[in-house]
Structures are given as C-alpha cells and as structure tokens.
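The structure is given below, and queries will be raised subsequently.
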Amino acid sequence: MILAFVEHESGLPDEVSLEALSLARSLATAEGTELAAAVFGDEGAALADELGAYGVEEVHHVTHDDLEGYAPEAWGESVAQLADDLEAGTVVVPGTDRGHEVAAHAGATLDAPMAANCVAVDVGDDGAYELERHRWGGSLLEHARLEGERKLVSAAKHEFPVEAADEETDPTVVTFSPSLEAEHLRVRVDRVESGDEEGIPLGEARVVVGGGRGVGGPDDYDQLEELADLLGGTVGASRAAINEGWRPHDDQVGQTGAKISPDIYIACGISGAVQHMVGCKGSETILAINTDPEAAIIQKADWAVVGDLHEVVPELNDAIRERT
Amino acid sequence: MNVLACVKRVPNTGAKIVLTDDNQRIDASNLGFTMSPHEECAIEEAIQQVEAHGGSAHVLTLGPEDATEQLRTGLAMQADEATLLETDGAEWGPRATADAIANAVRDLADDGTEFDLLLFGTESADAANYQVGVRVARKLGRPCVTGIKSLDVEDGTAIAGREVSGGEEIYEVDLPAVVTVKEGINEPRYASMRAKMQARKQELDHLEPAGAAGGGTFEKVRLEAPETDDSAAEVLGDGPDAVPEIVEVLESEVEVL
Amino acid sequence: MSDDEFPERAETVIIGAGIVGNSLAYHLAKQGREDILLMDKGPLPDPGGSTGHASNFLMPVDHSKEMTHLTQRSIEQYDDMDTFTNSGGIEVARTDERMAELERRVQSAKAWGEPGELLSVEEIEEMVPYVNTDIIKGGFYSPGAGTCDPLRAGEVMRARADDAIDGGLTVSPNTEVLDMHVENGEIRAVETDRGTVEAGEVVIAAGLWSPKIAEMAGVEIPLTPAVHQMVSVGPISFFEDYEGEISFPVVRDMDTQMYERQHGNDLEVGSYQHRPILWDVDDVPSIEESPLSPTQPPLTDDAFEQSMEDALEIVPELLDDPQAGVRHEIDGLLSVTPDGMPLLGPLQDVDGLWSCAAVWIKEAPAIGEAVAQWMTRGWSEIDLHGSDVNRFYQYGTSEEFVKNRAHEGFQKIYGIVHPSEQWQSSRPLRTSPFYNRQDDLGARFFEAAGWERPQWFESNEDLVRKYNAELDGLLRGNEWDSRWWSPIILGEHLHMREHVGMIGDMGFGKFDFVGSDVVDYLETMAVGRVDVDVGKTVYTPILAENGGFVSDLTMARLGPDHYRVITGGAAAGADRAWFGSHIPDDADVTMIDRTESLCTLGVWGPDAREVVQSVTEEDMSHEAFPPYSAQEITVGEVDAWAMRLSYVGELGWEIYAPMGQGQRLWDTIAEAGEAYDIRPVGMGVYGTTGRMEKGYRLHGHELELEYTPAEAGLTFHGVKDADFIGKEAYAEAIEEENAATLCTLSVDDHASESGERRFMLGNEPILDESGEVIVDDHGRESYVTSAGTGPSVGKHLLMAYLPPEYAQEGQHLQVEYMGDQYPVTVEVAGSRPLFDPENERIRS
C-alpha cells in the first residue's frame, strides 16, 4: 500500500497534492500495490470523487473529536498510525511546508527515513527506492537510496505532472480515528491574522522597485515611488545612486546595504554591479528596465525591457492605475 | 531563558555549483563557507530573545573542526557560548544528526544548562531535509512549530507566526519548545569588528556527537549538477511598448497585481 | 555601439573591459584607431575583475615619478568624466621613522609637482575627527587625493570612444577567449566562444587573467593574483549627517599598512599588513561559480586578526558604533608583479600583441592613454620605462620568481623602502662566470635585471684607511644615507683612478645584427652615424619620433654586415623589443641575442694597459688599439673581443669572452694585475661615482622619453644625412633653445638644521633661492636625476635638468632633502665632465 497525504481547500485538492498523488500512483503501479489517500478536515470526505480520477482506491478521512484545525504533530501522528494500520510501505506527501511538517512528524513516530523534495523515484530490483531529490533549492540533484518497512517521500513542487489515471476508480471512504494524546495536540493553529503590508522594510518587501544611476537625479524617484505604491512595495537604490546623494543611505540594496528577497525586484536604470547583485540575489524574480541590452542586470534578470525608465515607468504606472 | 540555535556549515556557493570528481560533495576549495540564511536568523532570534528575557544564547553545530568558523560567527553576533559536535567531516543524515543534537541537549542539561527554546532553520541550505528540528523535538518530547516568521515569548509561552496565503497562522506553545525559523523573522545583525575579534579568541565547547539513524536507510549515492539555464532575460520589448507585457508578468507570473 | 554582432575582423582587439580596457578603447579611438573590438568574458559594467572591488581612492604622491604622473593624469581624467570626488588624503605616522618617511613624501610631492604638506596631530584631528590622535605623531596631507567610480568611468569611456569614431567601437561582453592565433611571429586572430575575430593588433588588458591569455599566444606576462583584504563596516551613525560618498580625507595608517576611508555611511578598512596570500590564476573561480565575484573570495579571517586590532585602535569611535557591523569582507584579488610596477608594452616575439596588465585603479586611465599613444605613434607623453613588460625578459617570468618577488614585495606596499633596497628572494638567479671569485672576495651583490653584480668588495676595506685624507667630508654618518652604501666604494674609486681596477660583469644586453641590410636598418635606429669603419664603436642615443630617449647604447661594427649592440641590463628587454619590432619585414637583418653567451670584464685605470698587455697576444698600445675602437684579442688562453672605452673615464677595455671561459679570464687578469695591486671594483664606482664625475648619463635617470638629446647635452653627432627615428624632432630640438639643460651640481653644505651631515640619494626637488620648486617652460619640475659622491673631485654630485635661467655655471640653488634645504652650485651646464674634462685619461 502507498499512502498519499492530500491537502485540500474546502474539499478541492491542492495542486501540489495532486502532483504528489501522481508520484504515489506510479509507485503503487511499480510495486503492484494499492493507492490510498489520507485527508483531514470536515470537507475531507467530499474529496473522494475528485481523487477517483487519480486512481485512489481508498480515501481515509481522519477524524478525531479534538482534531479541529491544523495541528502538525497530531496530523503526523495520525498519518503514522494510519500507515501502520494499512501496512503502507510508503507515505507520499506534497513538497509544501505543511506536507514536510506532517511527514517529519510521521517519520519521527514511525522511526522511518524521509526523503524531501524528490523529483524522481524508481523502485529498484530489491524494492529499495532509487530516487533523485533537490538539494540547494534545486541547484543540485542528489541521487539517494531509500528503503525501510516504512518510508516517507515528498514530491518537489511542480516537478511531477498532474496526470489522471488510465482507469478512474471509485474510492471507498473510510473514517480513521487515530488515538491521540494531549501531547500530540499541544501544537495547533490558534488563530489566523491577516497580513499588514504598510511601511514594509526593504528586507521584507514583496515588491521592490530599485533605481540606479539611470534614474538621473533625486526627483525622478517619484515615478518609482508611485510604481512601488501601486504594487504595495518599497523603493530601493543602488550604491551609485546613494553615492550621488539622490537617496538616503538606508535605501541601499547591496552587499553593504539591505539584502532583499521580494517576489519581484524591478530594477530600473541599474547596471548590475556585483555589489548590488549580491543584495538582490534573494529575489524570486527580477525585471530589469535598462537602456543597455548587454548590462549585467539583464543577464541575471528573468525579464527585461530595453528602454528608458523615464518613458517606461510612467506608462506602466498609468496602465496599472487604469486596471484598478 | 536559555536559547540554543543550531546551525550547519555549508559551502558559500555561487550561481553554478561545481562538484568534486567523485560527485560526493561540492568543490568548495575556492568558495568559503557559510550557513543558511534561516540559520543566521535563528542565531539572531536567540540573541534577541535573550536580550529581551535574560538568560544566555548558545549556538551549536554538528560538523568538522572547521565548523568552528560558523560558531564564531554566532559568537561575534553576541551569542554567549558555542558547542561543536565534532565529526570527521563525513556527512551525517538527518536522523543521526537529530539524535546527536537531542543527546547533546540532554548532556548540556545534565551539565546544568537547560534550554527553554531550541531554534533551527526550517531547512538546511544544502541538504534541505526539512526534518531535523521536528525529530529533535520529538526525541526530547517537546512541542515544535516550523517555518516561523515571527516569535514572541510571554510568560513561558512562545507565540509563533507562520506565513500562509492571506495572513499568518499563529501558534501558542509552552516552553520548552522547538521552533524552526525562516528568513525574514528578523534582520540578522552584522557582527561588529570588535566582537569578531573577541569571538576569534573565545573558547569553544567540543563534544563527541552520539547519534543513530534508526530503522531503514536513507543514504546519498552521489550528487549531480544539472544543466543550468543561465540564459539572459526574456526581453519583453523595447520602451513603453512593452508595458502590456510587463502588466501581464506582474499579474500572471508574479501575482502582485 | 553595436553589441549584437560579433565581428569577423577588427583592426584592434582589446581583451578585458575593466577600467584598463575601457580606457584603452577610449584613447585608441581618440588616437585614430577606427575599428575597435572590446571584449570581456564577464558582463558589463562589472565583468568581475579587480575593477569591481577596489576601494577606489587615489593618493597621487608616490616616490616613483612615473607612478605619480600617471596618477595625477588619471585624476584629471576621472574628474573630466565627473567620476572623481576630491576628498584629500592623509598618511599618518605612528613612529619617528615614519615621520622621516613622510618628509620624504613631501620631497617627492614637490619633485613631481603635486601639492603635499606635513600635518600636525592637531591639524589631523581637525580634518578627520574620528582618528585616534593619541597614537600618531603627525601626517602627510595630499590635498589632491580623492575617490573615483571606475565602473561609471568605464561606461563614460565606452560612450566617448564610440562617439570619437562614429560607431567604430564594438563591445562584446560575456565573451570568453579560447585561443590566440599566431602565425610567423605575428598575432592574427582571437578565438572566442562567440566566434573568431581576425585582428591587426591585440591588447591584453585582462587583469589577473592576463598571463593565461598571453600563454595562449606563447608569451609571458609575469604577474600573480594576490589578496588585499578589505572589509566594510556600517551603518555608522556619524556619517549619517553627511550626504554622498565621502566627506573626509582617506586615511592611510602607514605603519600598520592599512587604510580607513568613508564610503557612504560605511567605513572601508583595507589592509596590506596580512601575510601575503598569493593565488594561482587557475584556482580563481569562474563568474558563475563565485558567490560574489571571481576576484572577491571570502576573507581569510585569521590573516585579518591583527588588522582588526589596529583598525580598532586608530578609528575606535566609528568601529564601536553600536549599530555598525562588518557587512562586507573580502580577500580582494589584485595583480602583483615581481617589482610592484605594471606590465605595459609590446610583448616580445609576437608582433602586434601588447600587454596592459597589473594596473591599479589609481593609474588606469592614464595608462590606457599612454599605452594607446605608444601603440599608435611609438611613444607616450609619460615615460613608461619602469612599467615596460619586457623588463623581466629572459630571467623574471617564471611562476616561481613571480611568486617569490610578489610575496616579498607585498610587504613593501606601504613600507618604508630605501631607494637602493635589494630584493632577497630568488637570488642568486643570474650569475656571471666571475660570481664565485667575487663572492670569495667579499662582494656585496646588488641585483640588476636579475644579474648579481658586486656593489663593492669587503676585501677592499683597507682602501678606506689608505684614502682617509681624500675621503674627509665625504663619509656618511646618517643611517638612512648610508644604508645600502659603503665608504669602500669611494676607496675602490680612488684606487682605480690611481692604479687599476677590474669591474664585471655589468649585465649588459648584447645583440648582434647581421645581414646585407644591417647598415641601413641600424642607421634608421640611431642618432649617430652607423656606417663607420669596421672596428669602430659608436655611442648613440636611440630616440622615439618625439625626439625623446628610448635608450642610449654603444654599437660596434664587427664586419661589413655585422654589428654588435651593447646596452644596459635594465633596458635590455625593452631595447630588444624596440629593435626587433623595427626590423622591416623585407629586410635582410637578423638579430642574435648574445646576452647569455658573452660575459664582460672591464679593466680600467692608469695601469690597465700594462696589466692587459702582459697577458695579451696582440699589441695593446695606443696606436694599435686606439680609443673607441674594438678588436679581437686573446687574453692568456681566452679568445676574446675588446672595446677600448670607459664609463668611468679611465684608460682601459671592456673585454668580452664566452661565458664558459669567463672565470679563466678573471683569473688571468687578476694574476697579471697582482704586480699593480689590481683590485676588484664594484658597480658603486661603475654606476655612480665614476660616471657622475664624468657626467655620463644613465637611461631611466637622466635619459627618458620626456627629454631630448639637446637637453641632455648629447648632440655631438650633429644631424646626420641618413633618416632615423626621431630625426625631425631631434633637429628641431637642436635649433630651439632648451627648455631645460642637464647640469651637474655639487652640494655646498651638507649640514642639516640639526647639524647632521646629510647626503642626497636622488629624486630630490631643486629649489630656487626663494625656496620654490623650479619648473621649466614645459611644466617639468627640476629634480635630482642621479646623486653620488665624486671622490676625485671631493664633492657630492647631483644631476638635474634646469631651465636656461638657472643652467649657468656658478648658479646657486637649493635642494630639499628630508625636510631641510641645502645650498648647491651648478658646476657644469651640459655634458662636460667635471673630472678630466678633456678625457685625457681615456685617450692616453
């Protein structure tokens, strides 16, 4: 038996969970065994219809009187108990924060090995897994062996295509009631607070609009400020601009300034000196607006616009304002 | 309140990682070493919590003698003490590591230092096994929260926040507890020059690590450096004509609109 | 600027787009090159070399004239590009010895035309309030110092280059050189990962990667990457009230070999104090592999420990700012050469291939300009002989040598380096066949072009007592003045003038030229008439087109189609390159390098003829072997060749013999000379005392591109009919009044203000009677080009170029030395010897 932990939002399975499910099914096929899913939450049972498309034969709906909301240790404990119950050789989880946390707890309970962020798993002749997994955020692959009576793998995000099974199944829904101690329930989500995005420091901003020497002077930062406001972000500057006295020292992004890690860094008129790139390499993505198509920043960016920021940014601001 | 931050020495890599000829490790001969940004935050958090509540901040690592460099980084940031679980340099898996750290925490407690809070990075920079903190907590029978980006301690309770879409999940757990933190929980300080100098002279605690992996196996066979895409950026267009494409990127790809 | 198409051909290819490559591109375009390809393996504007991590300050005053003028000119250029901030700079002293050194800094500042003055501790406190003045004794202030932005300057220069040649500049970043194509000793093409480009000429400006590129062409650029540790500490609240990059002078804490300079609200702390950390260029990681950049590996912390202590001592308030931390720390890699100077000029053996390497930010724009001038017209406004890449030719290009000297030289970067200070490592490397004999006689060896040359012999110590009376007033009491010096030199000198001395080996460069076109070819190279009778010698200036000196040397005609050119050891590599590159493609001229196959023994003095004749088969009489002629002779068993001339102004010969028979030659002469009390005499006499009394000029001191034969008093050849390089300028210079004339001066009074007798060593400024530095109409300062004692004239002698109003015999002037001024008198205006002005001794 392969047991897949499936996350869902109000009964709709999470995409990464479906990817993990595809991996789980391929393992079940290779091992000639059945595929079961473990689901939590009130709407968990409603998942059964969805999961049939992916070849799940049993959906185990974990319920417990004290299990309301997410409780990592209790969930992990439950998965472990279920795996033991089902004599599941492998537990597959999605490569999400929650998936990893649940798997780690389950692994601890089961005293079983766990391989996180797998991108390929083959079943060897001896039944052991020959797998490849991400290291260094995906910059490296590790080839590893994983074996044991119980074992856990997580499927790295967006590495496995979500594929429907050749033959749709009609899974049975089984309620599973774990035996939980108070100890397992001591960690749980107490409340959810909504985020506050006002006045974010550079290091925490999800959008940073950076301006370098290409901005040309202190006044032209107004356009960048406006863009940052429209995107709920913050303005930063390169050392060259700081040295010109156009921006205060605190605005510096770079080796000797702030290290940023936004979802997107919009670099305007910044050439991309090493000093600067070190500060913004934590950015998820970089959009460069620069007149020089060979500038270093364009080599490092995900997207580039070749052009004068003084022409591009005001039009961009207008376009964003028109949308809203 | 005594706080222990656990860190791991890893090579300081650039965009392209080069492996040794046997594909067993990174060729770090000209790179230098560091720790993951999460772990730098763990040290900073330890120090800030101690600054707020008293007690002492410790930093611990499992690794070769050279890993004292990372411990000294912690000391220079103003941690009070440092412990090296000294290995021969061979890579330890997550379960043996967790066992060794749990044993060390027990040993340190036997020697009179009880930790109220154990801090880890949510995952290491290199292996990223996502489990050492949790396994240590379970071995010690302590509550554990992971992926934490805000932390307050009040009256023996840790109030910890984890970022989820649309907000922050708040956990409240009693101390002693284990918390794994993510970059962004704080801004790790840069050590002052004087502190760096003093840290170089400070005595470190060396312990023999004792840790077992347990049942089953999870072992590295080899590493592989995949072909990287170092192509230049996708050019969205020239000048203001590119604005619609920019909006599309902001909307669909990055989802900030 | 076109950036997309990689060209198939370019007139000029520049490899490396750091500050040096950009400067070359700009200045080559300005000088008329119209089709230039500038490439780098890294991205722009910061391709990952040393340009990207320097602390970017420029302190113009150096003891080297060449380096000071290059830095001054670079400051002008950075300023013109609006990339210079004039912060000023202060070198502080913690010790008395350093204070004396800072007085020498003032002296150099004056000599090279750069403002500079000493500061009291109070004045330093006023200017840089954060310096801990409790531990310093004073400082040297350089008001012209400042900081630059070399990345920005590079952008400006690329744009200006493109403007200058109307789109003729192609910039190709992210382009890696894979091979260099050389055919028939000429550079043909550069092969890259973007394609192969045919090239008329190629300049290697690839910083610490230059040796690898040179190797692809089969030639050598002797440099090594070395670590300069630097950290940046911030944010410092004290700086928050000051806008922009820098509001306080850069501070150099000389005695700890460190600097501290504001950069925004950071303080950059750099060190040259740590143990030398040299890299192998093959270990330098690629751009992709580097966490920061290839030239910014992580700080080696244990090496930086003492630097931290010293920095905390000199700027404690800033570094102990509770907000501030070390937020950037690197082992910055830069290029270090065996003698600390850059590596510039045409590379031997591959025509069209140039080196422009080991250049630091502070001199890069001017070097780009000077090398561009050199490439396009054969001479540069600032003489670059100290930086000629060929100065290590034939001895100093091995990795081992480069590492040893770089290791040793690293510690001299902020050190107090005596002008005669000798290198200790990789010695002895180049020895003549006389070496063992000389060593047995207690020779104190000095090194020149790798050659071990005795400066004096301890075995001659008795001569100091013997000539006690003559040496009265010429002995040096001050430790600095007498460091790397001995009164024995003066004793040897007087003994040679009275009896006879043997001097060797001088380490000359020796080149034979053969072929049917050799006369025509050499006529074009030399000022003097070359087509002389076989057996005659010609001492001649070698000029560039501007009429300035490339070299001065002696040519001897050995046969109708055979000449031998003898030149000074230090200039041998550069001269070889100059002569080699000027042989026309279609001319029947072959150059044969005899430098390593022939040794040279000089025998000079009133008894020289008796000594030599006693062991020579040939007739050595005045009639049979007249002065300034050359003949084959046999000395004992040794077949040799001799020229009758003398750089010390005495009767005698330079005897050339095969290296393998040199020791036999030495023994034969030494034995024959016993009856005449022949003494081995060192280069202290040959290079200084003997030559100074005779007013003989020395290349690199008196003779430079910046001066003409007319000014140097070397126009005795007149203007010959044949064309030669520099003829027009030479002829004009003879017609015009000299802006300055080389004079020999003597020191009237050696007493310093404290009453100590001091002796100038060279490079001191000459002042008029009001104490102002003398400057000629071309803007050149008058300074001491050579200094040395003339025992036979009983005076300490100085040479200096003086404008016409001062170049008058009997004119009283002053020289500034170590903070004091001393009266001097012009003894000779021009080249007339002070000793034996009619050259009767040579002609006897």
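Order as written gives the chain letters A, B and C; numbering starts at 1 within each chain.
We take it that a contact is a pair of C-beta atoms (placed from the backbone, for glycine too) under 8 Å apart; a residue touches a chain by one contact, two chains touch by 3 or more.
Since the structure is predicted, the reported quantities are computational estimates derived from the model, not experimental observations.
Q: Which chain lies at the heart of the structure, taking centres as C-alpha averages?
A: Of all chains shown, the one whose C-alpha centre lies nearest the global C-alpha mean is C.
Q: Please work out which of A-B and A-C is bridged by more C-beta pairs in contact, and write that pair.
A: A-B
Q: Determine the centre-to-centre distance between subunit B and subunit C, using the mean Cα coordinates as centres, and give it in whole Å.
A: Centres of subunit B and subunit C (C-alpha means) sit 54 Å apart.
Q: Between subunit A and subunit B, what's the gap in Å when you average each chain's C-alpha atoms?
A: Using C-alpha averages as centres, the distance is 18 Å.
Q: How far is the middle of subunit A from the middle of subunit C, if each middle is the mean of its Cα atoms, in Å?
A: 61
Q: Can you tell me which residues of subunit A touch two or more of the remaining chains?
A: In subunit A, residues 293, 299 touch at least two other chains, as defined above.
Q: Which positions in subunit B are in touch with at least two other chains?
A: Touching at least two other chains: 13, 17, 228, 230.
Q: If you look at subunit C, which of its residues touch at least two other chains?
A: Residues 291, 327 of subunit C touch two or more partner chains.
Q: Would you pull the subunit C residues touching subunit B in the complex into a rising list?
A: Per the touch definition, subunit C meets subunit B at residues 231, 233, 269, 283-291, 297-298, 301-302, 305, 308-309, 311-312, 319-322, 324-327.
Q: Within their complex, state which residues of subunit C touch subunit A.
A: Within the complex, subunit C touches subunit A at residues 3-4, 42-46, 48, 52-53, 149, 151-152, 155, 171, 173-174, 232, 234-235, 239-240, 243-245, 263-266, 291-293, 296, 327-328.
Q: Spell out the part of subunit A that touches subunit C in their complex, as residue ranges.
A: 213, 239-240, 242-245, 249-250, 252, 255-256, 271-275, 278, 292-296, 299
Q: Give every residue of subunit A touching subunit B within the complex, in rising order.
A: Listed in rising order, the residues of subunit A that touch subunit B are 70, 72-73, 76, 97, 100-101, 103-105, 107-109, 111-117, 128, 130, 132, 134-137, 139-151, 154, 183, 186-195, 201, 203-204, 206-207, 231-233, 261, 263-264, 282, 284-288, 293, 298-308, 311-312, 315-316, 319-320, 323.
Q: Across the complex, what residues on subunit B touch subunit C?
A: Contacts found on subunit B: 12-18, 29-33, 69, 189-194, 196-197, 200, 228, 230.
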